[in-house]
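Chain nomenclature is as follows: A, B and C, assigned in order of appearance, with residue numbering initiated at 1 for each chain independently.
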Amino acid sequence: MNEENLKHVQNIVEAALLAAGRPLTVDQLRELFEEHERPARQVMEHVLMLLEEACAGRGFELRKVASGYRFQVRQDFAPWVGRLFEEKPQRYSRALLETLALIAYRQPITRGEIEDIRGVTVSSNIIRTLQEREWVRVVGHKDVPGRPAMYATTRQFLDYFNLSSLDELPPLAEIRDLEEIGREIEREIQAEIQFDSPDASEPDDFSAAGNEEASASRDGSSPLTTPDEDPSQSNTTLH
Amino acid sequence: MTEPESGSEELQEQPAVAPTEEGGQAPVARVDGKPVSDLPQDLYIPPDALAVFLEAFEGPLDLLLYLIRRQNMNILDIDVSEITRQYMDYISAVEAMRFDLAAEYLVMAATLAEIKSRMLLPRQEVEEDEEDDPRAELIRRLQQYERFKKAAEDVDSLPRMERDTFPNSAALPELQRGDAHPSVDLREVLLALQGVLQRAELFTSHHVEKERLSTRERMSSILAMLPADRFIPFESLFTREEGRLGVVVSFLAMLELVKEELIEIVQAETLGAIHVRARTSK
Amino acid sequence: MNEENLKHVQNIVEAALLAAGRPLTVDQLRELFEEHERPARQVMEHVLMLLEEACAGRGFELRKVASGYRFQVRQDFAPWVGRLFEEKPQRYSRALLETLALIAYRQPITRGEIEDIRGVTVSSNIIRTLQEREWVRVVGHKDVPGRPAMYATTRQFLDYFNLSSLDELPPLAEIRDLEEIGREIEREIQAEIQFDSPDASEPDDFSAAGNEEASASRDGSSPLTTPDEDPSQSNTTLH
């Protein structure tokens, strides 16, 4: 077989392997040719070797697997190719976030204790999701009837939220203040509307006071450094 | 892949090619396996052949186009008399044996008859013809149809999937599981907690107080370190590098764990080694 | 971007197109890269050009279709590759192809309008088949009595027929100048009236005369010019 013929066979084999979407054996590849033009087995194997060489330095390679030959995307490109198949993540439910918050602040905590505080049952799905995400793990079982698992947060949880330790979580007191501040803002707005006095100084005063309070309650420690991460800050600077 | 058409339409496929060819070399129909390449001039058509013949056409316009082509006529110069005669002959022959001849063929027959009769009459007024020239209308329709008949052939000859080309793919490498998890802002967690606290206050007298988080965290980590089945030395739970504060936190955490009966601390003899064991199972 | 980087991007694009097995747009390809390494649109287009060149003389080619770029088997090798698949490529009836062509060239178009031009009723089967293949979809309803559905072709139609846009459809044969034909007919009729000879042979004569003139007028004029010529226009100029 001359070089031109070889190239022709090589192109057909290449096209067939790319179109098949499954591995093809040497004989299956030979079957693509009519009898009078069918390459011998050795020729086909030679062509496959040429094809393998032709893939050098490209995005895909020829691989021999149990059921024949196939083209395969090179492992090197998996990080990019993988993004093709990423599903758009959905958002977590409020129930899940509440559960996570309780585990973070009250660990080690059992499911029953979470349910007591939330006033509703916690679905197994939520716990499983949190465990799969590796934010939460079982640290033991409480020595009470039923021996319920006790949950705690993980290193990965801290890493994800950019915390070096649980200390950096805003203290519960502050979260309550936050709520207070929110209510105060609302009151202010109501007052403004009632008195119909769009005085610019009022909100500014309030906001300054709010800021003071927030920083005071944090006691010099800074659980959340960037302003956009701090809900109390954004609340007070609303006006 | 599924057959898109009913069987009868497949039938149309084969002979349909014929009318487009000039000179009638290709068979227009097959009767008992024998090709019928042209329809006899004397109009003796075997009944079966005629049925197949008509099915080969996509309607009266298609049949008319075929007749015009066969006469080597230009669409623009249809000899209405001759075409009408042939058309009528065909459809009356079909009608004679088939009762379900499509209405469209009959409407066309009527149209042709009308055009023919008008052409034979002396013209009275030019205006009338300009506004309502049935022949021009027929020509227009034939031209339109011819355009799209050609367009259909063009579309059919476009290189298409599964016939002229095939999409390519290759097997996937091992893919790392991407970060398909939802992203969460810490503020969302805090807001969620705020919600819980609010409700907790409403529903129960639960006290969720400000906690020494470092202690609770240490409680978790000590629990994680402790094997349930054996004691480990008390000292091993402290990390020298953490300094005094770390030791205090660990100690407080252990006291809390003892209080909650989660760990057990034993000392075999006074001033002897202290050992710790989890009272929980993992 | 240096040559090495370009080669890297080219390999990733090649890998991704083969991994996807479906067309990908320039932007979809760019999205595979993290922000800091994401190639500009022009760079990506350049890479696609390089990739196309790299396929020269091989079994497959890079093709731009409506939904993006894809690798596909070169037409030359389809006869061999086709033997991989037991099912023979589907043939479509003339009725279906004519209906499809009318929708493609005249969209949006109602079933009634298709029937007007074809001179026969369009079977519901055909419309359903075209919709099931996702070549055709309803794009609205015409504001006339009965509010008939208006059909148009889809991206899948273009993809299937190797087109990147409707512009790439083969041009529609131009309707011969009907205005001129109208004038010719008029002249003939005038002549007939003048000679006032309602002989049965007249139409034949008329037709023969018309024949000459018409072919003369068609000489040299290209029948294929604009792909989309409004038939209603020719209609109005007829009279």
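Basically, a contact is a pair of C-beta atoms (placed from the backbone, for glycine too) under 8 Å apart; a residue touches a chain by one contact, two chains touch by 3 or more.
All values reported here derive from a predicted model rather than from experimental measurement.
Visitor: Which one of the chains is farthest from subunit B, going by Cα centres?
Guide: A
Visitor: Which chain lies at the heart of the structure, taking centres as C-alpha averages?
Guide: B
Visitor: Express in whole angstrom the distance between the two chain centres, defined as the mean CA positions of subunit A and subunit B.
Guide: A distance of 29 Å separates the two centres.
Visitor: What is the distance, in whole Å, between the centres of subunit A and subunit C, each centre taken as the mean of its C-alpha atoms?
Guide: The computed centroid separation for subunit A versus subunit C comes out at 44 Å.
Visitor: Mind checking the centre-to-centre distance between subunit B and subunit C? Centres are C-alpha means, answer in whole Å.
Guide: Computed from C-alpha means, the inter-chain centre distance equals 20 Å.
Visitor: Residue numbers in subunit C touching 2 or more other chains?
Guide: Residues 15, 18-21, 60, 71, 73-74, 81.
Visitor: Would you please write down the residue numbers of subunit B that are in contact with two or more other chains?
Guide: Each of 166-170, 172 in subunit B touches at least two other chains.
Visitor: Could you pull out which subunit C residues touch subunit A in their complex?
Guide: So the residues of subunit C in touch with subunit A come to 7, 10-16, 18-21, 24, 31-33, 54, 57-60, 71, 73-74, 76-77, 80-81, 83-84.
Visitor: Under the stated contact criterion, what part of subunit B meets subunit A in this complex?
Guide: These residues of subunit B touch subunit A: 166-176, 178-200, 203-204, 206, 208-211, 213-214, 216-217, 219-221, 223-224, 226, 228, 261-262, 278-282.
Visitor: If you look only at subunit C, which of its residues touch subunit B in the complex?
Guide: For this pair, the touching residues of subunit C are 15, 17-22, 60, 63, 70-75, 78, 81-82, 85, 87, 89-98, 100-102, 104-105, 117-121, 123, 125-126, 129-130, 132-133, 159-163, 169-170, 172-173, 175-176, 178, 181-182, 185-186, 189-190, 192-193, 196, 198, 200, 202-204, 206-208, 210-211, 214-215, 231, 234-235, 238-239.
Visitor: Which of the residues in subunit A come into contact with subunit B in the complex?
Guide: That would be residues 15, 18-19, 21, 60, 63, 70-75, 77-79, 81-83, 85-87, 89-92, 94, 97-98, 100-102, 104-108, 116-119, 133, 137-143, 147, 150, 152-153, 160-162, 165-167, 169-173, 175-176, 178-179, 224, 229, 231 of subunit A.
Visitor: With touch defined as at the start, can you tell me which subunit B residues reach subunit C in the complex?
Guide: Checking each residue of subunit B against subunit C gives 1-6, 9-10, 12-13, 16, 58-62, 73-74, 76-82, 102, 104, 108, 116, 119-123, 126, 129-131, 133, 135-136, 139-141, 143-156, 158-170, 172.
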